[in-house]
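For reference, chains read A, B and C in written order, and residue numbers begin at 1 within each chain.
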Amino acid sequence: MTTMTYREAVRSALSEALRRDPRVFVMGEDVGRYGGAFAVSHGLLEEFGPERIRDTPLMESTFVGAGIGAALNGMRPIVEIMTINFSMLAMDQVLNNAATLRYMSGGQLSVPVVVRMATGGGRQMAAQHSHSLEGWYAHIPGISVLVPATVADARGMLLAALEEPDPVFIMEHATLYPMEGEVDEGSGACDIRKAAVRREGQHVSLITYGACLWKALAAAERLAEKGVEAEVIDLRVLRPLDSETILASVRKTRGAVIVEEAWRTGGFAAEVSAQIMENAFDVLDWPVQRVCGVEVPAPYAKHMEDASLPQVEDIVEVVEANLV
Amino acid sequence: MADFRMPSLGADMTAGELVAWLKQPGDLVRKGEVIAEVETDKAIAEIESMFTGVVERLLIETGAKVPVGTVLAVIRTEGPEEEAPAPTVSPPAPERRRAAGGRAARTPAAGRLRVSPVAQKLADEKGVDLAGITGSGPGGRIMVRDVEEAIARAQAAPVPPAAPADRALRMRQGIAAAMSRSHREIPHFHVESVIDMNRAVAWLTEENKQRPVARRLIYGVLLVKAAALALKKVPDMNAVWSEDHVELRREIHLGVAIALAGGGLVAPAIHNTDTLALDELMARFRDLVQRARAGRLRSSEMSDPTVTVTNLGELGAESVFGLIYPPQVALVGFGRLTERPWSVEGRVEVHKVIHASLAGDHRAVDGYRGSAYLAEVERLLQEPEKL
Amino acid sequence: MNDQEMREKVLIVLVELAPEVDVHALRPEVRLRDQLDLDSMDFLNFLIGIDEQLGVDIPEADYPHLATLDSIYSYLRRKLAELPTEKSS
């Protein structure tokens, strides 16, 4: 096992893929000479050259579209978009091409493109760099949406995404890049179908993904001091969603709190909540609760940004209000 | 061998306290004979054996409070015919208990009782009445832990006998549970008719003139008898509602509502009401009132009625719009016996009349039947000598 | 039987009927039904008790004379006076 940062784990996966498969290339804004907006691809240009580490213009629609085209023609492109907010410019390519071509061609076409992007707030980057829109992607059939929360997943999921025949979108929470964790560098692709139980407990299920996993785990620690054993579920994959793991946990704990940074209205937490209500209503001991982002464009000021994002105390309070 | 179980003595009963054993191991007990006394929220009831045999073992000590269905004693029966208890006095089957306790507390749409789904499910399974539980969740919601505690409490034994004030409170809670359930679950319809009582009262006055005071009849007995006989004409109403279907009963056991001093009421059955002559009915009625007030009702009396009669007219009420006691399917209410202008062949006369109403469970019977029933009660009361 | 005994016996009947009530606190001029929770069955049992205690069988037609304790006492005084002497000894 090696200790490395989340950033290094993604880079490690990129390097491995580039070395192993000549069809793989990396494309995006500042991924080459600058080393990536979050320094993920730092050093790759030197190692793999400008043919495979390609800087693109600031035109998300164009370079995502180019990635789709390359995938259609047998390549294995890894496209990096700086932040999920700007990925909206490429949404037409995602929704109308990447997600649809297999269906519209009667299965003749395949789009094995991997698109990575940074998501989430907490870095004082204000309202154009901080949102959590992965739930929007999860709405779209035909693609996979991965949200690695751990260093090991950051590496293993990228490798797994390259093995998929269809488009895979990976949302990496920007606050996680400097986080350190243990990785087995010999391990290849990991499972990208199942959610993970990151902590076992019998009193409440905290269901979350991405950076909020760590807040949920901290909340579970605090709750344990009060005698409440929280089970923490890391969804890992928003589409296809692993409902079974969610429902099995809720059937055990009889209560669920879903935590995500996204806005409450129409957020992914609402989908999880609905599935619990549809499939496990009889086991609930209290209404499913959501801890979500406050419904404002992300503020710049630190104290206001903190207030707009789910915090450990918010999770603890919601559990206590319903259970203690 | 047969298991003698804690019977359900009403929709609102989930547990009973064993007050006394009237038989000991080795004693012979006959079917229908009182074997134990059990205290419920409402009264002390004398529990009859469903079997003939010899008491083999007593399993529950006096003073213990146990859930409905708990085996209280084992009776050594002889002969195959004693193995199967008669249907009318059979111990409650699991489905029946579920109907009694579980459905009693279905979460109301209006949100009167806030219950979590899993708490509701557990209560359904265990036959716990939620109305008696204080919810510990936000806004008083009943959580699963509250139901678990209630079950643990009901199983904890023994408990000290309830103080009278406590007993009154528990009776109130018992009535509250049954009536809340009735109001929540039973789609009531009401029909009413005004019944000419001239002939009945005149007949009774003549009859009572010839009787010494100890053998006199009260007009309420005529009403009860008519109400029972009318069920023969409308047998659809001699039934109980069980979960999702009607269970017709062959024998007619009319419940009579009896107010208790200090508040509350019970509505025990007068068994085979339709077969009793008025004198016998009067004697049974008197006995029942006395025992109800002394808290000495029998188990079958508490559980057997299909229709209950309540007479609220003596205090002056003109009409009754009652709530049905689940799982019964109807409640017949009589108002005040009073004098009214009455049209007879185009002339106005002063007649004694009484308002008779029927509250019916629309799941089980329809207004047409209810109306036919009241018409039959009216017809019967026009021929009091035949009652 | 003197008047005091007659009244005591009436009260004994009432005590049996309504053991929870302090019958000595009843107001003799106020309707019994307004003071005790008596229904028609109770009332009939009261009359049966009077018959047992005092040997007076009160016909139904006389019920209206029995509304208060005062009226019951005066009715019974009149009836007892009409009875053959050996019965009142």
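Here is the rule we go by: a residue touches a chain if its C-beta (ideal position, glycine included) is under 8 Å from a C-beta of that chain, and two chains touch if they have at least 3 such contacts.
As the structure is a prediction and not an experimental result, all values here were calculated from the model.
Participant: If each protein chain is taken as a node and each touching pair as an edge, is the resulting graph a line, ring, star, complete or other?
Facilitator: Topology of touching chains reads as a line.
Participant: Which chain lies at the heart of the structure, taking centres as C-alpha averages?
Facilitator: B
Participant: Averaging only over C-alpha atoms, locate the centres of chain A and chain B and give their separation in whole Å.
Facilitator: 62
Participant: Which whole number of Å gives the spacing of the CA centres of chain A and chain C?
Facilitator: Chain centroid spacing, chain A to chain C, equals 91 Å.
Participant: Between chain B and chain C, what's the gap in Å when you average each chain's C-alpha atoms?
Facilitator: A distance of 34 Å separates the two centres.
Participant: Considering the complex alone, what residue numbers of chain B touch chain C?
Facilitator: Residue list for chain B touching chain C: 205, 208-209, 212-214, 216, 218-220, 259, 261-262, 285-286, 289, 314.
Participant: Report the residues of chain B in contact with chain A in the complex, numbered from low to high.
Facilitator: 116-119, 121, 137-138, 141, 143-145
Participant: Going by the contact rule at the top, pick out the chain C residues touching chain B in the complex.
Facilitator: 18, 20, 37, 39-41, 44-45, 47-48, 50-51, 57-61
Participant: Residue numbers of chain A touching chain B in their complex, please.
Facilitator: Touching chain B from chain A are residues 254, 281-286, 321-322.
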